[in-house]
Amino acid sequence: MDRSKKYWNPYFGGMMLGLLLLLSMYITGRGLGASGAVKSTVVTAVDVVAPKHAENSTFYSRFLSDGKNPLNEWLVFEAIGLIAGAFLSGALAGRLKLKVEHSPKITTKTRLIMASLGGIAFGFGSQVARGCTSGAALSGMATLALAGFIAMMAIFGTAFASAYFFRKFWI
Amino acid sequence: MNKTYIILASVLVMLGVGLVFLEANPNIKEVSPEKLLSELNENTRYTSTDELAKRIIEGDPSVQLIDVRHKAEAEKFMLQGAINIPLADLLKEESLAIFDQDGKDFIFYSNNDILANQAWTVTRRLGLMHLHVLKGGLNCWAETILLPKIPAPTESQDAFDLYQARLGASQFFTGASLEVKSSQPLEKVNLTRKAKTKKVEGGC
Amino acid sequence: MKEQDKTKSLSVAALIFVAIIVVGLLTTGKPDIAYKITPQQSIEALGKPGNEISPLEVAKTVKANDNKFIIIDLRSPYEFVKGNIPGSINIPANRILEKESLDFFEKNATSNSTLVLYDATQSLATGPWLVLKQLGYDNIKMMQGGWKIYSGIDSQDPSQNPAWLVEIPKYDFAALSASKETNANKGNQAGQKEIIVPQRKVKAKKVEGGC
Amino acid sequence: MGPLIPLNIIDPSWNYVIALVIGLFFGFILESSGFSSSRKMAGVFYGYDFIVLKVFFTAAITSAVGLFYFKYLGWIDMSLIYINPTFVTSTIVGGVIMGLGFVMGGYCPGTSYCSAAIGKLDAMIFSVGMLVGVFIFGEFYPLLEEMYMAIPLGDAMVYDALGISAGWFLVILIVVAVGAFYVASLVQEKVKEVDY
């Protein structure tokens, strides 16, 4: 076991994450989220490139109506913090390294294509479901909201069901 | 299996079971008797008839009037926009649903304010918020808004201002014409107005 | 996995978590004063007769000096000394839940006597009365009308509705308001109300969250 | 009394500072738990590493239990907590798409930032992919709107939907999770270890 394998006990990590979620709800009244920042970025980008289009679209205009900069949002700051925190942890554990992680059975190129496809699917899905694994599933489950449990079961159910077809990309 | 995990898992299950028992105790959401009493003694829970008239005339959407008199009485007359919930039906599910509106001020009224105060006390104990009582009730409403009295000439400017406001409200709520009563206070109105330091609370 | 053997920090975190909850449970214990009847029971009790007593009856027993009632004045001591019902005890409304007051109510709860509450008006007495009622003190009544009516009770005109029955409508509200119907200015009829009762809460103040 | 910011106990101008700090811890915890490795995470689907299951369930249960104790103790006003509104169709459809994305990409949005932060190129590609995905959704939103708004249940709670009390639901959830952890540990022993 080299230094890079020094991960936390997963239950300890889960517990800390749970306590952080609790703290977040206690202070701000909301759970954690990640895909909201993506949405804000896209809305800003569309607004900058094609303001007319953004104004006419029912989707973008919802986030632009009050004249606020959509980047100036809670979840965006949280995402910035998230990146910084992950960097810090990686630096402390000696895991900072530019690389593409993939199964030895596939090429780097395949892995990157799969990653981009996965990213597109996740970005699209998170908008459809009004939140991603952290925003909809995790925060939803913590408040015992129905949406959280439906999202969790849909995400992991599909992933388990389709895992067989994607096995060569991982093992 | 590691012993620690068994202990931690049982602690977690115990925490869950603890919640089952705690949840069975519904009192926690209720307002304690001490808090209820101290709020009862606060005047801010009252809404005066003048204030209510002003808010209705202005079309204030946050006003939710609740008539707690018997159905028979309420059928004869209710204030504009009021819902009738007889005191006996106050805790029915469909009645409590009315309090599930955010951004509303719930104002109880009855003929006087005794029934309204009782409705306030019971619903406030349940932990409901933004509850008010129409001070003096409909009797006061009739005396101050529907049939405003002309102040004596010796009374203060504020009393005449209040009377003018009530006359306007009276016209709004009854359609009565202004002209008859306005000759006397008109002279007073033309005087330079002082900044109001104390509000006149007239009537009931 | 190796990382699963590292349980020390997990145990510490779990211990802290449980400790916070336990400390919370110990410090926010049950309230000292507890309601004895449910809100629904209070509503039912309010619908029954015998919660109020007329000032005439109180005046009669005071004149007869037969101590049938223990009369409690809820006004401030300052008002109390200016004039009160003879034989009454002063417990200001904001102090009825203090220990001595509760001891007093407790002591008299078991006796056969009836406690009569009054304030300047009945409106002022009804809240404190209902609080005590909900604490389970059943032998307490509130006096109709309050001190203002009681002090002028001798001038009561027998042909009129008794002045202490304040919850009786003094006017025909519908008729007073109806004159507008002849006018163009409409808007105050009972039938005109629009009621929209939402089934679920619209949470206005809540933050927008999620992803 | 909480939540502190909606009740103005902490001034809302602190909102973004707090967001930054919470995000910092969020990232730190995710990375330290191993959520910065796509192969470690994908292990949950093939039985060689159950970190996702363990972290995810432990976190959900810890905060749910904590939240309901806080609620009981009167420390938090649950009506001010944001609850994701339930739209059954869109949540299921979105969840299925995300599930596919998870197996293909090996990340979810939060973990992809984490991995990108420590230099995983695939995670950076994944993040860019997410931007594209959101953009596609934005462009096709008018076509999707009907499905997006179908079967709205408002702030529905799972225990109400099942007709049991929150306490009992939590007990069941805890027992299921503990059982799942136990089964996961058995499976993990059987499955050939994957080096990544």
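We call the chains A, B, C and D, going by the order they appear; numbering starts again at 1 in every chain.
Just so it is clear, a residue touches a chain if its C-beta (ideal position, glycine included) is under 8 Å from a C-beta of that chain, and two chains touch if they have at least 3 such contacts.
Please read all numbers here as calculations on a predicted model, not as lab measurements.
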Note to self: Show me the overlap between the contact partners of chain A and those of chain C.
What the structure shows: D
Check: When the C-alpha atoms of chain B and chain C are each averaged to a single point, how far apart are the two points in Å?
Finding: 15
Next item on the list: Measure off the straight-line distance from the CA centroid of chain A to the CA centroid of chain B, and report it in whole Å.
Entry: 47
Note to self: Can you work out the whole-Å distance between the CA centroids of chain A and chain D?
What the structure shows: 9
Notebook entry, point to check: So which stretches of chain A touch two or more other chains?
Noted result: 7-8, 10-11, 15-16, 19, 28-31, 34-35, 39, 74-75, 126, 130-132, 134-136, 139
Margin query: Among all residues of chain D, which ones touch two or more of the remaining chains?
Written below: 5-6, 34, 61-62, 66, 68-70, 74-75, 80-82, 84, 109, 155, 166, 170, 181, 185
Checklist line | Junction residues of chain B, two or more chains touched | finding: 5, 8, 15
Note to self: Using the definition of touching given at the top, classify the network of chains in this structure as line, ring, star, complete or other.
What the structure shows: other
Next item on the list: Please give all chain pairs that are in touch with each other.
Entry: A-C, A-D, B-C, B-D, C-D
Check: What does chain D use to touch chain C in their complex?
Finding: 5-6, 34, 49, 62, 66, 69-70, 73-75, 79-82, 84, 109, 154-155, 185, 188
Margin query: For a test of understanding, state which residues of chain C touch chain B in their complex under the given definition.
Written below: 4-5, 7, 10-11, 14, 18, 21, 30-31, 33-35, 39-40, 42-44, 46-47, 93-94, 96-97, 122-123, 126-128, 130-131, 134-135, 166-171, 173-174, 176-177, 179-183, 185, 187-188, 190, 192-195, 197-205
Note to self: Using the touch definition from the top, list the residues of chain C that touch chain A in their complex.
What the structure shows: 2-7, 9-10, 13-14, 17, 206-211
Margin query: For the complex, give me every residue of chain C touching chain D.
Written below: 1, 3-4, 17, 21, 24-25, 28, 200-201, 203, 205-211
Notebook entry, point to check: Can you list the chain A residues touching chain C in their complex?
Noted result: 1, 5-12, 15-16, 19, 28-31, 33-36, 39, 74-75, 126, 130-132, 134-136, 139
